[in-house]
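This report concerns only the one structure given below.
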Amino acid sequence: MLWGGDRARAAPDLLLNTYAKDEMETRDPIIRLFNVSKRYGKHYAVKDITIDVDAGEFIFVTGSSGAGKSTLMKMIYLAERASQGQIIVDGMNLDRISHARIPYLRRNIGVIFQDFKLIPNKTVYGNVALVLEAAGERSAMIRRRVMQVLETTGMADKVNAFPPSLSGGEQQRVAVARAVVGNPKIILADEPTGSLDSESAQSVLDFLMQYHDKGATVLIVSHNMQLISSTVRARSISLADGTLVGTATML
Amino acid sequence: MFHYFKRAVLDILSNRFLNVITIVTIALSILVVSTFVLFFENTSRVIDSWNQGFRLVAYLGESFTPSMLPKLTAKIQAMAEAGEIRFIPKEEGLALLKQEMKNRSAFLETLEENPLPHVLEIRMKRTGLEWDEITAFAKTVEQLPQVTDVEYGQQWLGRFLSLFNLFRVTGYAMSSLFFLIALFITANTVRLALYSRRQEVEIMRLVGATDRFIITPFYIQGLIQGTLGGIVGLSILLIIFLVISLNLQESAASYMLFDIQFLSVKYWVIIIFGSAFLGWLGCYLSLKQFIKY
Amino acid sequence: MFHYFKRAVLDILSNRFLNVITIVTIALSILVVSTFVLFFENTSRVIDSWNQGFRLVAYLGESFTPSMLPKLTAKIQAMAEAGEIRFIPKEEGLALLKQEMKNRSAFLETLEENPLPHVLEIRMKRTGLEWDEITAFAKTVEQLPQVTDVEYGQQWLGRFLSLFNLFRVTGYAMSSLFFLIALFITANTVRLALYSRRQEVEIMRLVGATDRFIITPFYIQGLIQGTLGGIVGLSILLIIFLVISLNLQESAASYMLFDIQFLSVKYWVIIIFGSAFLGWLGCYLSLKQFIKY
Amino acid sequence: MLWGGDRARAAPDLLLNTYAKDEMETRDPIIRLFNVSKRYGKHYAVKDITIDVDAGEFIFVTGSSGAGKSTLMKMIYLAERASQGQIIVDGMNLDRISHARIPYLRRNIGVIFQDFKLIPNKTVYGNVALVLEAAGERSAMIRRRVMQVLETTGMADKVNAFPPSLSGGEQQRVAVARAVVGNPKIILADEPTGSLDSESAQSVLDFLMQYHDKGATVLIVSHNMQLISSTVRARSISLADGTLVGTATML
């Protein structure tokens, strides 16, 4: 698989290539998995996976339903602990990280959860602002950042709405906004376009690409082949039944 | 800190149902405790006023002359248990006896000489004395030179005192028990309220919030809930008290030979602080369960 | 019906946390109510046994001869308030007087003739009589031909009775108040438990469940929770009672001139039924809020 | 748009066409909407929509995020009441239906909710069986039907799992199973393949098609153009900003 189908982003691409060349040699792996497995009961959700993700990489994770994609993500942001193997994220060994350090690990990782995980009794604004509040930012800065990011995801007119009154796609865009608002080093997006029409899906992808261009490492779990094939310079990792069955780089 | 307080207040406003339920539960628990304390305090007060009525009667021998009185009185007054002392000369004693005996007193008129001894009536200083203490005191008085005999309630008084002391002990035990129960009920309610918010807490953790960031507003909420609950509970008690005592005063004015009184300000303060503590502790006990990594 | 019962039990098992919390809360509420009832019953019982000690003393005139006794006794016994009647002949009266007066009785030996009248001691049949009723009864007795005078506690007794009646009224009022509070607390807890399950209820409605299908298991759960809560609450009380009463009997055996007794089986039944009702009503009040289309 | 890309279903299609011809003239509208609007505050989620859906039709509802697709579905199963206009479903006027009849209306409609709406503390089995229990079926029959439908959706080995421990796609397949287990006359599927890879998505579509073949009326909200274009004889309804902007029939 090389270049995807229709590509609307020519200019940023050029920029990206230049940027990529400069940094190519100096990049270190920001996420490292060594023989990682996750077992639930007798069943392995993830089995013996070893991957290095370089800082600034853009990666698609694919695989059929139940292949272990979400589980892999969860282990990276430590919602689940690996049963076996070692995970190192941003220099921290997740096996040995102290309880008190976990929030700081998570502040470096923006997650778009597969089920959104919006707080139902907080407004859209409150949900997105929470990330910055938890990080102890000043309120003027919070206001500016949150409004800016909601503007870009097209949710600015719903700032005061509560998640249960939003459409599926709107909820998903709030989840995207929340994941990026803290300018995290790593963005983990679990099916970030599942509830979106192809146009909105493309704009969310472009949006994540902007953060990637600014240096963020992005991992996207997706079933949307059209989207995947439209993205340049992305590595694609494929899981089946918890094991790694393929890697491909589109250039 | 102000920032946490603001978040706590906002959180109360956006979870009105849970907060109202929690505050009402705390208020009701406080109502139970304070109703019982009110009841117990008033009963104790009335019983104490009776208790003060108990007295020792010391009969003075033939050797006693009224001039010895100041010295004897001073001796008794020096004892820790002794309160007010009244001297009843034998003339007054006879008059009292006549009055006491009413229908049977006619024959007393026929007496040539007053056969009664002089008497000292000694009230107890403290209330709530144990039977042992009274007996010991009586023994000491009996050993005084002019005193021939000491009389006191004996059997009857012993029974009365042991009952009162039991009443008192049970009352304090029940106040504590009710407070403990209020604590458990509050903790239970807070736990349920948090249970229905466990997802929210989980989400906060997942987006990088520290324990402190999550927990502090809950504690402040607990304090606010506790304080409000205490105030509401006490207010309900005050209203019930006023309504009932007004009615009682109308319908039963003639029988009411004592006042029922509302809890003193000291108790208000204790109850409201206790209630705030209740809210806080309820949070503490419940959060331990829900905030874990 | 069996089908609903099965679903209710399965539901309790799959929502253990919520059910345990609810049952504990009901148990604690029942503990408050039954502790108070136990306290109140025992105090009342002791007070009643005192109360029964009150008696009217009717002095009989010169015209009375012991042969008239059966007729007079029968007349008095016919009155509603009269309980046990004891005839005290004047000889016994003198002996008693001597004993009563102790140190002052020496002069009684010098009397040539017994100056006392015959006496009838009349106990009250019912306890908890009002002061009015006693006065009225006393008047009726006084009007009997051979009776010259009637004596009773007067002032003191009036005060005592009004206190006891107030105590009794307050006790019943507080039992009811505590039951009401238990009801509210239970309803609150059930409401919170259901609140955290409102999504589940909503989903059931959306897939075509009728109100009855949704509600019935909740009611059965409420009854089960109430019954279990009642049994647990009563058991805790029994344990506390046994521990305390064993300790009291050891340390204070000498003072204990009366028994403290646990609640009678009648009360057990009332409390457990009341508690089941509590669980049911808690459900009823809360479901109204959550089950609406 | 005629025939979609790759079609794996040749045989059933033949059958479907025969079936369709026989019934064509006798079919009555099973869902009728007359000038239906739904307003939230000042905002119209659905505006002045008039559609007739014939019994046995297979309809795709498309439109961008927030277009009002889910709201339209919600009004049909009466999770929301229309602000204006009339809706008639299976001969019942939803404006006048008595409170007590609503469950019976809903038993004729199998809904795949966009957010799945599985009960977290009931097992997969319990979730699916609930529909039949609520309808008062006998337990032997319930067991058979539920196992059969879970078998077909590939969830038979997860019968005793609880929804929070399932992957997104697995949850979605349970939601599909629950929607069809009662053999409803009408199936409303709100984004039933959003969390599924293209293979699983196709099999879910095939599965719904089977019910359609047995006579059920199926409405599917979907963003998956590939899926839509692969489906024969389906009508496609397109919403934008709450209004109907187009209808197309693929034959």
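By written order: A, B, C and D. Residues from 1 in each chain.
We take it that a contact is a pair of C-beta atoms (placed from the backbone, for glycine too) under 8 Å apart; a residue touches a chain by one contact, two chains touch by 3 or more.
The shown structure was predicted, so the numbers you read here are calculated from the model rather than taken from an experiment.
Graph distance from subunit A to subunit D, where chains that touch are one step apart, equals 1.
Taking the mean Cα position of each chain as its centre, A sits at the greatest distance from subunit C.
For the pair subunit A and subunit C, the distance between mean C-alpha positions equals 69 Å.
Chain centres here are Cα means. That of subunit A falls 64 Å from that of subunit B.
Taking each chain's centre as the mean of its C-alpha atoms, subunit B lies 21 Å from subunit C. Multi-chain contact residues of subunit C (touching two or more other chains): none found. For subunit A, residues touching at least two other chains: there are none. Taken chain by chain, the contacts form a single closed ring in which each chain touches exactly two others. Looking at which chains touch one another, you get A-B, A-D, B-C, C-D. Interface of subunit C with subunit B (complex): residues 17-18, 21, 24-25, 28-29, 31-32, 35-36, 39, 43, 46, 59, 93, 97, 102-104, 106-107, 111, 115-117, 131, 148-149, 151, 158-159, 161-163, 165-167, 170, 173-174, 177-178, 181, 184-185, 188-189, 191-193, 195-196, 240, 244, 248, 252, 255-258, 260.
Those residues of subunit D lying in contact with subunit C across their complex are 77, 79, 99-100, 102-104, 106-107, 111, 113, 117-122, 130-131, 133-135, 178, 182.
The part of subunit D that touches subunit A in the complex is made up of residues 40, 62-66, 69-71, 114-115, 165, 167-170, 172-173, 190-191, 194-201, 223, 225-226.
Listed in rising order, the residues of subunit B touching subunit A in the complex are 7, 14-15, 199-200, 203-211, 213, 293.
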